[in-house]
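Take a look at these structures.
Both of the next two complexes hold subunit A, though its partner changes from subunit B to subunit C.
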Partner chain A sequence: MVQTSTPAEVGGIPTDPQATRRRVTHRILWGLAAAFVVLSVFQLGITPQRFTDALPRASFVWDRMWPPAIDDGGALSTAVVESLQIAIVGTAFGILLSIPLALIAARNVTPFAPLSLAMKGFAAFVRAVPALIWAFLFIMAVGLGPTAGILALAVNSTGMLVKVYAEALEEIPMGPIEALQASGASRSHIAFQGILPSVVRLFIAWSVFRLDINVRYSTILGVVGAGGIGWELTRAASLSRYDVALGITVVIFILVMATEAVSQWLRRRVDDDTAFRVEE
Partner chain B sequence: MAVSSSRSAVRRSPAPTYAHYRQYKQQRVRRNLVVWAVVFGAVTWAVWSSGFGLLTLFNGLSESYSFIVTDALPPKLESVPDYLGPTLETLYMSVVGLVISVVISVPIGILGARNTTVHRVVSYLAKSIAGIARAAPSLVITVFFVAVFGVGPLAGTLALGLGGVGILGKVYADAIEEIDAAQIEGVRSTGASWLQILGQGVWPQFKPAFMTWTQYRFERNVRGGAVIGLVGGGGLGFSLISAINLYQFRDAMTIILMIFVMVMVIELATRALRRRAI
Partner chain C sequence: MASELNTRALQQVTSESTTPALLSVRNLNKTYPDGTQALHDVSLDIPSGQLVAVIGLSGAGKSTFMRCVNRLVEPTSGQIVFDGQDVTRARRGDLRRIRRQMGMIFQQFNLVQRLPVVTNVLHGRLGYTSAVRGCLGRFPQHEVEQALEMLAQVGLADQAFKRCSELSGGQMQRVGIARAMMQGAALILADEPIASLDVSSSEKVMTILKEVATAQRITTIVNLHQVDFAQQFADRVIGLRDGSVFCDMPTDGLTEDLIRDLYYGHVPQQDEED
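Now for the complex of A and B:
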């Protein structure tokens, strides 16, 4: 396509100094980014030779992977159930911890303004540390097993839920609350008739979304020893039973996809439920 | 029927009264009773069968607190230089993983979007690939790559790259589907080829979403790159698990704090860069 000249550009020569400067900054930034990619590839030692060297190993793993197998159905189903337990209990306690903390963190309901900032900072810190690192901290403290996994998910959920709950609370429309106050409603009336109805939908939607995330996490927490199906996966891989590892991966797939379907259904249900409808 | 939908609807239905509201509330409660019962049942079952109650929660949290204070604090600041190498390695893995994801996801996005695909079947296939990749956690992929390439950053990088295809492929396709068809039509009417349409009609509209989601994935990669080492993928996670296996908890705490600082710095830096680059 033919380049059209703008007023800033006569005969392909840019004349507007600001546009020129922006273009130069752009090129420098993209050049630096490209240079960093090349540097990274070298630093990681990624060479074609690494791939050709890995070929025999890859075909060995591939041959042992097919067909996917279930070695010990009983142990596997126990592990699946344990994963679901970790996800559900972790989410439930995450919600339980988050609601009071969100009441402190929301600007418009906090009992003390500096506390709101401190709580938001705390939530940001909790979010910035990945869930698996939390799992590790709890494994060091309470030992291997599902308890560490549940604690990790409960705490990690708190980081996200406090933030989104507080944001939902901060966006409460003041109209209905003022109307309730004008009609002489008590504090508990205002909480249940004014505040609760306007946040409950968002709270449920976010909590369901978090359950979705937590089921994903609960399938991999076991990789570091925090209970659930991930442990079976690491064990199969360390025994070079790649067919079993692939079978477990398929089970994880099904678990994740089923949760996604359930959470989508629940969220649609919440959305359907919003409008006040008059049935004919 | 919604109260405020249209005039004819209002005429057909009686004006909403308090009785209607009561009736609506009752219906809603009845409809949701089953869902709430299932949710309540699932939580009760999980709490009861795992034996994890409020007491366990607070005991666990207080035990962890005292463990951290007595065994893991203060962090060993003098060993920070030892972990700068692994920190950089995590960043290298994130960057190369991102490039791999983008290189695979852009074709998947273009072929997956209904308005730019070459055929409906291709679109369906491309979206299925993204869907499968999305259901596989990066850590699970890492386990297989470690089996092939051995312990080290190469396995982690490839796992991050493939892991990103699930989300990027999907959002790229979604973003392309939402662009303005009239502009594409305009470019097509000049007699442009498929590639020219992509370059002149699609890319300018797709670019903002592309930048946003790619940046988002980069931030996710930095977090993911920090933990992928826990299963042998290299980077800070590998240093962390080595420190823990040697019971060097103060070193472990140093690494955790460095992960935190790295994640925060990267988020601030990408945001600043984004404001400049767009």
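Now for the complex of A and C:
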């Protein structure tokens, strides 16, 4: 019924009914999406006037941002170091937790097949919950401060690392493992001498990448009270010290860029080391 | 040289009845979950010191037979006794102890590519190494020296500290032999050790296997594709066809007719897709 009313038919060009149905479905979906956007704009009261009204206030803030300032260099550098510490310790805990879990999650090395699926599901769940929400949960559990931040990053990292580690493990050649089994090696021997050497470089590359992500997260965790430089930013904003807020933002920017540079350099080194893998 | 080998072979085969078998296989059956019957009622005795070639078409059950001996594949039924120990009934710890007395060599070498050659040889000692030392790869000095000696024996003394991935196929297989020898095993199982190698590497690898079997009296079972290699190197030849023992004799008893029957005398209705 729907098909008879499509423009293609009206134009007299015979079309594949399936393609026509797909096109209609697409149009309906696009229509719904557009309707939702328009409805949201009205419901949230977003009018051109709101933007024009915001302009004077924006210029007021802007004027007071310049020049960016560092109010208390000592406190700020302590906060920067704390952010880095949260990121590094959180990543380290995440890695330590993820390696054994990935050994369970990887199809080819899991001690018990149904556990593999369960572990992957668990990792997917942990991954689906954003880091900030984990931070909230841990603040409720252990109170304000860096501990909550570290736990949030550790758990959030685990969600991702278990997945990528398990995928790396699933790619390893099984022959050497069979050989070690045949020589009477134990499970732990096989894990450390047969499996780990094959994946260690991929593990390092992913872990460095995750550290990079965690440094970004650690700068923002303070906003909810989980320690680090984010807390300084929130404080400056609530004291209306916009120049200090901009100063802190610049510091965060430098911190994140530096981390990314270091992480890329590290990963390139690992890649160079693994380049010969292609010819195998 | 060939005639020398044959007389030796005959002596060994004739002495079979007096020496107790190192490996004794009784009514071994293996049916895979998909219904493929890979082994059918295989019974064999292999005395100490023999180099036995197992030949037959691919899919005849050579590889399954070998993997049942160290239980990389679980037999469906039957009994395997190795040096007085019941392999088929062994539980995990006992199975590990049995396995470390059997070295295995693989078609694809199965070395850990990322590790140095000497470490791969030392892996042969893992069955004797404590959990912590083994995991960290910290082997005692005398074992490291022994591993270097093994590498010298297979002609790879100068490659010991290279990464395995830098070696050629023939060299990798010699590392595989050194690893199996490192176990100090009484039995070596070689599953198609030369199937991925060129002729000259194959000669070298088989010669080394033969030397090990003769000089150190290590019983060696070799699955082979190539009948000529079996005739050149083995004391005894076992032919498998469709999972059953088709022939079992001293190498010089193997006639052209038997070979033709083993490889081409297939009864069509028994022919499976593998």
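Convention: the second predicted complex is superposed on the first by the 239 of 280 C-alpha atoms of A that agree within 3 Å, B and C clash if a C-alpha of one lies under 4 Å from a C-alpha of the other, contacts with A are read in each partner's own complex, and residues count from 1 in each chain.
We adopt the following convention: a residue touches a chain if its C-beta (ideal position, glycine included) is under 8 Å from a C-beta of that chain, and two chains touch if they have at least 3 such contacts.
Worth saying up front: this structure is predicted, and the values here are computed from it rather than measured.
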**subunit B versus subunit C as contact partner of A:A179, first or second or both or neither** = second
>> On the A-aligned overlay, A:F192 touches which partner chain: subunit B = first, subunit C = second, or both, or neither?
In response: second
Comparing subunit B and subunit C in the superposed model, the one touching more of subunit A is B
| task | Kindly classify A:Q43 by the partners it touches after superposition: subunit B alone (first), subunit C alone (second), both, or neither? | result | first
Considering only the touch criterion stated at the top, classify A:A113 as touching first (subunit B), second (subunit C), both, or neither. neither
Footprint intersection on subunit A (subunit B / subunit C) at 276, 280
The subunit A residues in contact with subunit C across the complex are 173, 175-176, 178-186, 188-189, 191-194, 197-198, 200-201, 276, 280
Within their complex, subunit B touches subunit A through residues 1-3, 12-14, 16, 20-21, 23-24, 27-28, 31-32, 35, 42-43, 46-47, 49-50, 52, 54, 56-57, 60-61, 63-64, 67-68, 71-72, 88-89, 91-93, 95-96, 99, 132, 135-137, 139-140, 143-144, 146-150, 153-154, 157, 192, 196, 200, 223-224, 226-227, 230-231, 240-241, 244, 249, 252, 256, 259-260, 263-264, 273, 276-277
Per the touch rule, the subunit C residues reaching subunit A in their complex are 70, 72, 96-104, 106, 108-115, 119, 123-124, 126-129, 131, 134-137, 165, 176, 179-180, 183, 189
The subunit A residues in contact with subunit B across the complex are 1, 25-26, 29-30, 36-37, 39-41, 43-46, 50, 54, 57-58, 61, 82, 84-86, 88-89, 92-93, 125, 128-130, 132-133, 136-138, 140-142, 146-148, 150-151, 154-155, 216, 219-220, 223-224, 230, 233-234, 237, 240, 242, 245, 249, 252-253, 256-257, 260, 266, 269, 273, 275-280
